[in-house]
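Next come two complexes, and both contain chain A; in the first it sits with chain B, in the second with chain C.
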Partner chain A sequence: MAENFEQHSDISAADLARLSQEAQAEATPSTAKIIWSEFKADRPAMVALFIIVGFIAFVMVGALFINTPKMMETNIMAYFNQPFTPEFWLGADSGGRSVAKQLIVGSRNSIGIAIGLTIVSSTFGICWGLISGYFNGYIDWGMQRVYDFMMMLPMTMMIIVLVTIIPHYNSVTLTFIFSIFYWEGTSRLIRSRTLAESEKDYVAASRTSGTSHWKIIFREIMPNISSLIIVDCTLSFAENIGVETGLSYLGFGLPSQTPSLGTMISNANDPNNITQYWWTWLPAALEIIILCLAISYVGQVLRRAADASQRQGAAD
Partner chain B sequence: MWKTILRRFLIMIPEVIILSLLVFLLAKAMPGDPFTGSINPKADPQQIKHLMRINGLYDPWYQQYWNWVVHLFHGNLGNSYQYQEPVTRLIEGRAGNTLWLALFTMILTYIFALPMGVFAGRHEGKLPDTIIRVYTYVTYCIPFFVILVIGIWIFGYVLGWFPTTGSISSDATGWLHTVGSRFYHILLPGLLGALFGTVNIVQYLRSEVIDAKHSDYVRTARSKGVPNRDIYLHHIFRNSLLPIAAFAGYSITGLLNGSIFTETVFSYPGMGLLFVNSISYRDYTVITALVLIYGILNLLGTLLSDIILSIVDPRIRIE
Partner chain C sequence: MSLIEIKDLKVHYPIRTGFWNRITDSVRAVDGITFNIEAGETYGLVGESGSGKSTTGKSVVGLEKVTSGSILYKGQDITKADNRRKLDYNRDVQMIFQDSLSSLNPRKRIEDIIAEPLRNFEHLSKDDEKLRVLQLLDIVGLDADALYKYPHQFSGGQRQRIGVARAVATNPKLIIADEPVSALDLSVQAQVLNFMKKIQREFGISYLFISHDLGVVRHMCNNIAIMNRGRLVEIGTRDDIYNHPLHIYTKRLLAAIPETNVNQREAHRASRLAVEKVYQEQQSKYYDDDGEAYPLVQITKTHAVALPQALAQQLATQEGEVQA
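Now for the complex of A and B:
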């Protein structure tokens, strides 16, 4: 294109290249670039990011090589096998099942549900918040009352009751049951930002020129609060790991034949296990702690990247 | 202000009705009927049908709902199948334990959180503030039940400092000994709950203090020559105390919801443990009653907080 341009103009190709380079340098960097430079400036965040991505990739791939039904078979010869032996890296539980393998499959299940829960509940919460904040009138009032009502419900109890009522459930139904109760936080956050955003001039201009409501909400307002959405999703992902494992710990999450980090920690309910056979539950507990802290830390870095006044990575 | 409070009350009425309806429908959806367990398995099916008819189980659902509500107002929540006693009496025995633990945890939370919040606000952006922020953040991120399990392992089993089950030791005699033993049993769960539940209060108080620091009355006090320590203690802290106290309602709500985990880990005989046990025994009358009670307690907790906040914070009144 530059050659073509040269024929009709006095500007040389070299000048043009320099000018466009300058223009690019002056333009606002893309969100991805800001986030990346923020991570580059913060070493611990980089480490946390690598831990999370590496770990999730490891359990997702590793779980494929483990035959779950075979792993869950009782092997009485390995009853509470000591950890750090060649065959059982992290020992074995009361059924002689390898803790290390259960940990991998359990992490896959728990993280999978947490991801699913984050996607479903955040999508719902974002739509709820956007619509509620944008229409800001009777619709908003009604939606806020539904929100208040949901906040009042004893969540843990309702989930447990629903899980017992539904006769056959699997991880997908479980994700949806959890999602019914975990969209409120996101929706409130998004609503307050949408309220502020929909008073801005570009929304008013768009409305006067006849753009449809849905287009304004999802094509104009939503991209403008996308950084907030990314931050919120990351933070709720960390929280959701606690949701599933907590209920599995109580025995109302994944069925006991499906390993989860929560069911592994519930080994600690036995006074013998908790002291003598610590390896049956402690690795899962530590894993949850490290994972939650790492994810939340990444969330904090993303929050900094989203807020221009707090950035550490930007060169200017 | 009265308008706000009145409106808040009016909104509560449909919420209670919908809650009761929801609980009732959930109870209907559960398998079994109120006679499960109390009838001889050899009983004539015809007779059971007759019993169900005279007890109104074939009535349309709204009629049944109405009967249920009437029973509710008479304090009749049915009989527990597992324990073979009225649900009201069963819960009466457990509610005290749960409420004591929640109250104790809340008081401890305030004891830890108030100084931290003021301190962090006072040294905004400096090292103490950073440390407190990291502390509240880390404690907030870790799922609470993991903390409970690790806490009971370290302090209950390995070090043996605290009891690991029950609400009172079996050989406690005399008034003093009984109270002491009860206190000893709620000490560890209370401490853990308080140390890991400070985030909301600390953050709120911190921002209040930072706001107040730059306000006129503080500047006046400072120019009068009031010592810095007194400004924080008597001027700023006293001003932020009421909104902070209003958090008590929300805080109780959160603690009640957490009681299911706390009581399971510590085998503490409160309502949360009763709920978990009733679920495993499919004791539906108890489950229904507990969901209803927790829902209403949540409602009252938020109501209390909302009203106090609307009294002390005029910004909330403008809606």
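Now for the complex of A and C:
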């Protein structure tokens, strides 16, 4: 059969190297390059990206040098120590524990949970949505009933109940408990786009080209909704920082011996703390605001990079 | 034996309603059609929008779940997925899609798009595969630097060529061409059509050429089937259809071909209005009580029309056709 093509084309094996080199020179930039040039074109987003990456790296590494059980010991001598002193940069709380150190370990815990939660729940939600949307029919119907059932459950209450009945839990178990309830939004979003995408002819063309269903779902359709996935993941990440923080604030997140942004903000429950000892809660609150703002900024740039018509960077 | 034999093919889409999501009715997109495609020929399937042409085409490549009927290829019924797999059916039967942009994955480079069927069916070495892709690009008249570009960087005509290159990649026996040029402007249409013909000569491919435009079909097809509301209303050779049309629906399609000769525009317009008048007034004569087409009756060896026996005879004698 190869002869058949040989006969009707002047191109032979000898030209292969030259032609592929020529083609390489004309190649279009990759997605990563486009995203990068989009960041370079937008200063504030660049700053936001550095804040996020730098801060996460800092708390992840910094927390390794802090002995948490020792840090959490009560120290009467340092009761509500003022901030900006050589020993307590950001002061100390009612137990005489360093706010700065708690902030580092607490951020590590909260952000770690948020990252874990985003990875687990988004992966699950994306797969659920893709499969449900692609296969349509009975599979879709069944999967959507499961979705409806999950949506019916009062989320916060279920988490609180689970956390109360599970005797010993840590960041990892907590992440999985949260994940049970946080994949639905992503799955619905992905499903609706997959439904539309599956109707397109390139999917039909892949099927007549002999490509398997799984390959079509994850190698053909998924790249086409990658922009949606990236944007959804960044935004869920910002949202997920709030999830753990909120529950810990209410006292149902991490145990109080484990510092987190939520337990630190819950210092503000005490009216005295709000006015007099502002350093016990303000840094954590500011941190959350700045992080969430920075993340949504980055999300916007990613969205723009994904949508060719909105690009600001000189791509193409 | 014909290359493909389609027998009483039906594709109905269920309409589900109500709380229990029960099937209450169905859209009869294709409702019992029968025809054969011979090796090496171009078979035209013509009808207005919504008549079920694409559905027929998709059934033949195995994309559509068929309600009943059979499609025989090498003696096997390929409406069953098992048989398609056994035969490596899509290696032999490929499709060119109506919308060239949506038929090419925007996230894939041209190389990966054209190589897709090769990777699944032929398992060539990396270099052989790239060579084949370059040859295919050459055959459809595109430069080698298209290799690493993305579909949106090409014009409509170029994209349709890429679609053609992908369809011929495995050297198939039959290509379903679903309105391959209807999205292109006239000059590009001619280009793409000519070179589809060229490829047909060189590779001995058969086409099932789907179109709503009898003007285009005339240049491409030896045999033509006219489709109306999921049924075939007339089958015949090019001569039968263009010179001796019997069914009013066929006449109407023919009248809709634009007249290029300025001097005859008036006459053309008059005849089109006349046909339209007959179509409006004599519905009951040409369609049965439910407004559906009659079963086909044979007029000559090649020509069949969906009319009651008596009416068909009468019209055939008027047209001066010899009785088979």
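One rule holds for everything that comes next: the second predicted complex is superposed on the first by the 284 of 316 C-alpha atoms of A that agree within 3 Å, B and C clash if a C-alpha of one lies under 4 Å from a C-alpha of the other, contacts with A are read in each partner's own complex, and residues count from 1 in each chain.
Basically, contacts are C-beta pairs under 8 Å (C-beta built on N, C-alpha and C of every residue); 3 or more make two chains touch, one makes a residue touch a chain.
None of the values given here were measured: they were computed from a predicted structure.
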| item | value |
| --- | --- |
| Touched partner set for A:Glu26, first chain B, second chain C, both or neither | second |
| Which superposed partner A:Leu293 touches (first chain B, second chain C, both, neither) | first |
| Partner chain(s) touched by A:Ala204 [first = chain B, second = chain C, both, neither] | second |
| First, second, both or neither for A:Met151, with chain B first and chain C second | first |
| First (chain B), second (chain C), both or neither touched by A:Ala268 | first |
| Which of chain B and chain C A:Ser179 touches, first, second, both or neither | neither |
| Residues on chain A lying within both footprints (that of chain B and that of chain C) | none |
| Contact footprint of chain A on chain C as seen in their complex | 21, 58, 61-63, 88, 90-91, 93-95, 97-99, 102-109, 111, 116-117, 120-121, 127-128, 130-132, 134-136, 138-139, 144-150, 152-153, 163, 166, 171, 202-203 |
| Chain B to chain A touching residues, read off their complex | 11, 15, 18-19, 22, 26, 29-30, 137-138, 141-146, 149-150, 152-153, 157-158, 164, 256-257, 260-261, 264-265, 275-276, 279-280, 282, 287, 290-291, 294-295, 298-299, 302 |
| Of chain A, residues touching chain B in the complex | 145, 148-149, 151-158, 160-162, 164-165, 238, 241-242, 245-246, 249-252, 265, 268-269, 271, 274-275, 278, 281-282, 285, 288-289, 292-293, 296, 300 |
| Chain C-facing residues of chain A, complex | 1-2, 4-13, 15-16, 19-20, 22-28, 141, 200-202, 204-211, 220, 223-224, 226, 308 |
